[in-house]
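What follows is a pair of complexes built around chain A, which joins chain B in one and chain C in the other.
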Partner chain A sequence: MSDANGADRVPLLAFANVSKWYGQVSALMDVSFAVGTEVVGLVGRNGAGKTTLMKLTCGLLRPSQGKVAVAGHDAGSATARAALGFCPDLDRLYERLSGRAFVAWMLRLHGVGSAQARARAGEVLEQLGLGADMHRRIGQYSKGMRQRVRLAQALAHRPRVVLLDEPMTGLDPIARHELAQTIAQLARDGVGVLVSSHVLHELEAMIGRVVLIHQGRLLAEGRVADLRGQLRGQPHRLRLGSERPRELAAALVRLPQVVGVEFADAAVQVALSGEPGFYGTLTALGAGSAGLVEEVQPLDDSLASVFGYLVG
Partner chain B sequence: MGFPRATGEVARQTVLLLMQNRLLWVVGTAQLALPALSYLLGGAIGDRHAGRHDYAVTTWTLFVFVLVPWTTLYCGVQAVHADIEDRTFQYLFLRPVSRAALLLGKLIAVAALSTVLFCFGAVAWFLGFAARSTLWPEGVEFELVAIYAQAIAMAATAYAAIAVLFAARLRRPLVWGACFIVGLQVFVGNLPAKARIRYLTITDPVRRFLLDRLNPDRQLAQDLWHWEHEFKPDLIGQPVLNLAILTAVATALALWFYTRSEYDSRERE
Partner chain C sequence: MTIYGTQYRPAPYAPTSAWQRLLPIVRLEFTSLFRSRWGIVAFCLCVFPSVIRLVMLLAWVGLLSFGGPVRRMQGNAPRELQEMMPEGVRFYVEPIVAPEHGFMVFMLLTTLVTARAIAKDRSTNALEFYWTRGISPLGYFGAKWLGSFLLVSTMTVAAPLVLWVAGSLLSDDWTFLHDTVGFMPGVVAGLLVFTASLTFLCILLSAIAGSPNLAMILWCLLLGGSWAVGEMVQSMSRTAGVGSRISLFDAAGALARALAGIPQRGVSIGGAAALLLGVAAVLAALARRRLRLQEAVG
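Now for the complex of A and B:
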C-alpha cells in the first residue's frame, strides 16, 4: 500500500489508542498513528509527550492503555527491540569505552559475533565521520562526536525502525546535512524513521509526513502542505515582490479574498482568506500588461507556521 | 541471543568496565604488599599463637569482614546503579536481551571479580605467614587458603546479590549498603547463637562455615565469634544453605525490581 508520495504505508511502527499516565498526570491520550517505510517528523512543545511516545516504542515505558507495535511485534518484546534503533536525546555514554568498543558491545548484545561486531562498528562510525577517532575514549569526544556515537549505536544493527530524538543536537552544519541525507537514505532502504526535532525547518527538509503532538494528544498528522491546506480558518500569507508595490497594494485591497496588506521593502505581504479565486487574479496582475508581480513566496506553508497555527 | 550467552556477554563486558575503575586497581596493587606485611606481623606475634590461628583471625577480619563487603558493595552499585543514575541503562534495555540476563550478568561479574581479587589477596596474605616456619610446628597448612577462598567466594556472591538488589531498587544504594554492612554485618552478625536474627546476615553463615571447616580450638572459636562465649559444633547448623537462601532471595528480588521498574530515562537538568 502506498500513499500519494509513494511512501510505503505498511506500518513498521503502529500506535493504537495509546495512553500513558504517570499517576494522576496524563502524558499521552489516545494517540493513534502509523509509520511505514518513510521519514515522519514528530513535533510538539517541550512536555508535549514526544519523548514518552518514543520511550513507549522502545519498551522503556509500558502503555497504560492501547498498544504499540514495532514491525508487527509488541513494543518491548525482544523481537521488537531487535528491529528497533533508538538515538536518545541524552548526552550520557560509557565514557571510558572507545566509540568503537561501545558500538561493538551494543552489537554483541544483538547476537553479532565479536569480530563482526568490531568490523561493523568501525564501518558505521566511518560512515558517520568518526573513522579517525573511533579508538579514542568517548570521554574525550566533542559534543558532535558523541552525537555520532549515539547515532551509530542506533543504526549499526540495521534496524527496520529508527527513532531519532533531536538527532541534530551538537552537529555542525555539514554533519547536519550529511545526517539528513543518511536519514533520507534509510527510508529509501525500507526503514521507517520517526524523528523529533525542535529545528523545524531542518526537520521539514527531511520528512515526508509530520505528527503533531500537543499536551499528550495527537493534534494533526499528514503532509505539511496538506495540513496547511486544512487550516481554512487561518489567513494564508504571501510575499509578493514588485517594483511598484503601491500600485500592487492598491490592486490587492480591492480583491474580496484579501484581508490584509503590508509593505515590506520592494514587496507586499498579503493575508488571504480561504476564499477561492485569488490565484487567478494574481496571475492576471503578474502576467498582464500591468506586470505588477515579479515574485510570489508563500510565508506560512512551513512546518513552523503550521505548528504555530495549530498550537498557538 | 540466548539467555546464557547474553548473560555471559554482559558479565564479560561488566568485568571490563569495572576493571577500568581506579579503586579496584588500588586495592589490587596494595595487595602485592600483603606478603611482606603478614611476614612482619607473623614475626611480631612470635610464638603466642600458631600460624593457623593468626592467619584465620586476620584473614577473617581483613577480608571477610572488611574488604569483601565494602568492595563488593561498591562494585555492585557501580555495575547496576551507575547505569540507572546516568541513564545509560537505555542503551542496554534497547537490546534484544532480557533484563534478567543483564542483571544476572552484572551480578556474576561483580561476584567473580571480587572473588578473584580477594582470593589473590588471601593467598598473598598467607605467603608471609607461611614463610615463617616457626609458626607452623606441624607443617604449613595450605588447606587454610582453600577454606578461606571458599568463604570469600560465598561472601562475595552474597554481597553482590545484596548490592544489585539495593542498586536496582533504591535511590541511594551505597548509603543503604553501608547501613546493611554496619548494622547487620558488624552488630547483628556478631550476636550470640540464641539471636536468630543473625540468619539475616552474611557474616553469620560465613563464620559458621569457617568454624565448621577450620575445626577450631576454643581460643580460635572465641576469636572468630566474640559474643558467643560457649561455642559448640552443634551451633554450626547449615551455613551454606542459609547463605544460599539469602543470596537466592536477594537475587530474586533484584530481578523482580530490575525487570519491572520503569526507570526514569529523562536527562536531569
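Now for the complex of A and C:
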C-alpha cells in the first residue's frame, strides 16, 4: 500500500488468513482484511465471530492459523497492545473514581507516570467535551458522559488502532451524533478504527467500509455502495416520487428491467432486475413529461439491506 | 512510512517494567477502604482495639495514671494478666491471632477489602481493562493480593510494631527495649505469615466468586464456619489444639504463635500448615480457571 506521495503504508490492523477453532468448533475461518486510517464497521449476527475477532485483535486469543497484526506487530505483543485502544461495550466503570482519576489510572496501567497520566487524562477528557465534569465521580455521570469516559480511556495512551464495541449503546441522538463525529475525526487524524455495532444505520453514517462476518467466515468487505452494486442477483428497489403515479407505473411496467411495481403515497416503488439501461430510460421519461418523475430514492442501498441480502 | 495526519500523534512505544504497571493496582487496592465514608468508619472501628492497647501501654509506662504505674503493680496481678503486659510477647500477638480478641477485626477488614477485591472487578467487567492492557492474570492477582495484604497488615503487623516502638521510646530506661527486642523479629514474622496466609485464601475466594457480595458471604462462611466447627469439635472432644486443624483462623494463629515463640499445648504446626495449604490448593485450582484471559471481551 502507498499513499499519494508514494510513501509506504502498512495496514494498521491486518488479518491474514486467520482461523480460530475452539476444539472441534470453528469460530473464524480464513478471514483476511486490513484496516488503514479509516473507520471500518464490523457487522455480523450474534455468534458470527465478532467477539472472537476482537479477542484476537486484543491478543486475548491466539489464532489457530494465520496472523493478526496491530500496527505491524503481532497482536498480543507489548508493542501491539501499546498501539491498541479498546473501548468495551459494558456500561460499568469504577463508580467512585472521578472521570479524570479513572482515565489517569488506565494510563498508569500502561506504565505512564502519575503526573503525566493526570495531565494527559485531563487533556483527552477536555477534547471529548468532559472538561467541566472530569472531577465528578463517574457514578454521577449520564450515559453519554460514561461513554465518553470509556472512549477517553481507549484514546488516552494515543493508540494507532482503536477498537470500539457497540459504542452507541445507551446514547441519546445528540450524543450519538457527536460521538460519530469524534470517531470520524479520529480516522481523519490518522487512527485506524474498527467499530462493532448492531445498529446498522448508525454504523453506516460513520464508516467508510464494512466487514461482514457470518458463521465465522468473511462474507463481504468493502464500501456499502460497492457491495450493493455487486449483488446482481437481488433486485434493486427504488422509490420514484411523481405527481402522476398511475401514468408513471404504466410506463414502467413496459420496461424489461422492471420486475415489480407498487403504489405508495404520491410515489411508485419499483423493483429492478440487474439488467442495464433502466436509468437512461428513466431520465428520458422524466425529461419528456414534467412532474412524471420528481424524485428518485434507492430503498435498499443501505448497510441493513446489503446485510439482509447476504445473510438471508 | 507515512500513515498519520498532522493533528494526531501516536505515542512512541516506551517499554515499562511489569512492576511499574502493577504498582497502580497495588495502590488502588491499598486505598480502597478510604474511598467511601463507611470504609473510613470501618477502619476506625478496626483501629479501636489498638487504641485500647495503647492506653494499656501508656498506663504501663506511667504516662496515664490509674493509681500508680501499672509496671510496678503487675507483680500482684494474676499470671494471665502479667503475660499480657507490654514486655511480654503475648501483648503483641494474642490481640491479633486469638479468636476472642482479633477475630472480629480481622473478619471485618478482610470481608470489606480482600473478599471484594477481584470479585468487584469481575462483576464490573473491569478485567477487560486489565487483560487488554497486557496485565497478566498472575500479575493482577499478585498486585491485588499485595495491596490488600498491606492494608490488612496496617492493623495486624504495623499496629503492634508501632506499640512496641512507642513502648521503647516512652520507657524510662532501655530495659524495655532490651527485654523485648529478642522476640520482636519472631512476632513480626509470625504476624506477617498470619496475615499473608489468610488474605491469600480470601483473595483466592474473591477470584472465584462472581460478585463481591457472594465473595463476602463465602469468606464469612469459610472463616467463621471453620472456626465455629473447630470450637464445637474441640469442646466435644476436649482435646487441646484440635481447632487449629479445622479452623483456618486458628491454624494461621498457630503458625504465628510458633514463629513468635509462644508455647502452645497440643497444637500441631504441621497440621495447621497442611490445612492452610490444602485449602489454598483447592481454591487456587478453581481461581486459575476463573482468571483466564479469555474471560474478558464480549
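Going forward, the second predicted complex is superposed on the first by the 296 of 312 C-alpha atoms of A that agree within 3 Å, B and C clash if a C-alpha of one lies under 4 Å from a C-alpha of the other, contacts with A are read in each partner's own complex, and residues count from 1 in each chain.
We take it that contacts are C-beta pairs under 8 Å (C-beta built on N, C-alpha and C of every residue); 3 or more make two chains touch, one makes a residue touch a chain.
Only a predicted model underlies this, so the values are computations on that prediction, with no experimental measurement involved.
The superposition on chain A brings chain B into a clash with chain C. Once chain A of one complex is fitted onto chain A of the other, the partner contacts of A:186 are limited to chain C, with no touch recorded for chain B.
By the touch criterion defined above, A:135 lies against neither chain B nor chain C after alignment on the C-alpha atoms of chain A.
Within the superposed three-chain model, A:165 lies in touch with chain C and out of touch with chain B [touch as defined at top]. When the shared chain is aligned, no partner comes close enough to touch A:45: not chain B, not chain C. By the touch criterion stated above, A:110 is placed in contact with chain B and with chain C alike. Shared-chain residue A:88: touches chain B and chain C both.
When the two structures are aligned on the shared chain, A:37 is found in touch with chain C, with no touch to chain B. Legend: residue contacts after superposition of the two complexes on their common chain; A:96 is shown touching both chain B and chain C. Counting the residues of chain A that each partner touches, chain B and chain C differ, and the larger count belongs to C.
Shared interface residues of chain A (contacting chain B in one complex, chain C in the other): 51, 55, 58-61, 78-79, 81-82, 84, 86, 88-90, 92-94, 96-97, 105-106, 108-111, 153. Every residue of chain A that touches chain C in the complex is listed here, in rising order: 3, 5, 7-10, 12, 36-37, 50-51, 54-55, 58-61, 78-79, 81-84, 86, 88-90, 92-94, 96-97, 105-106, 108-111, 153, 157-160, 165, 186, 188-191. Listed in rising order, the residues of chain C touching chain A in the complex are 1-5, 7-11, 13-17, 20-21, 23-25, 28, 35-36, 123-126, 128-135, 293-294, 296-298.
Listed in rising order, the residues of chain A touching chain B in the complex are 51, 55, 58-62, 78-79, 81-82, 84-86, 88-94, 96-97, 105-106, 108-111, 153.
By the touch criterion given at the top, residues 1, 5-6, 9-10, 13, 17, 20, 86-88, 90-98, 262-263, 265-267 of chain B touch chain A in their complex.
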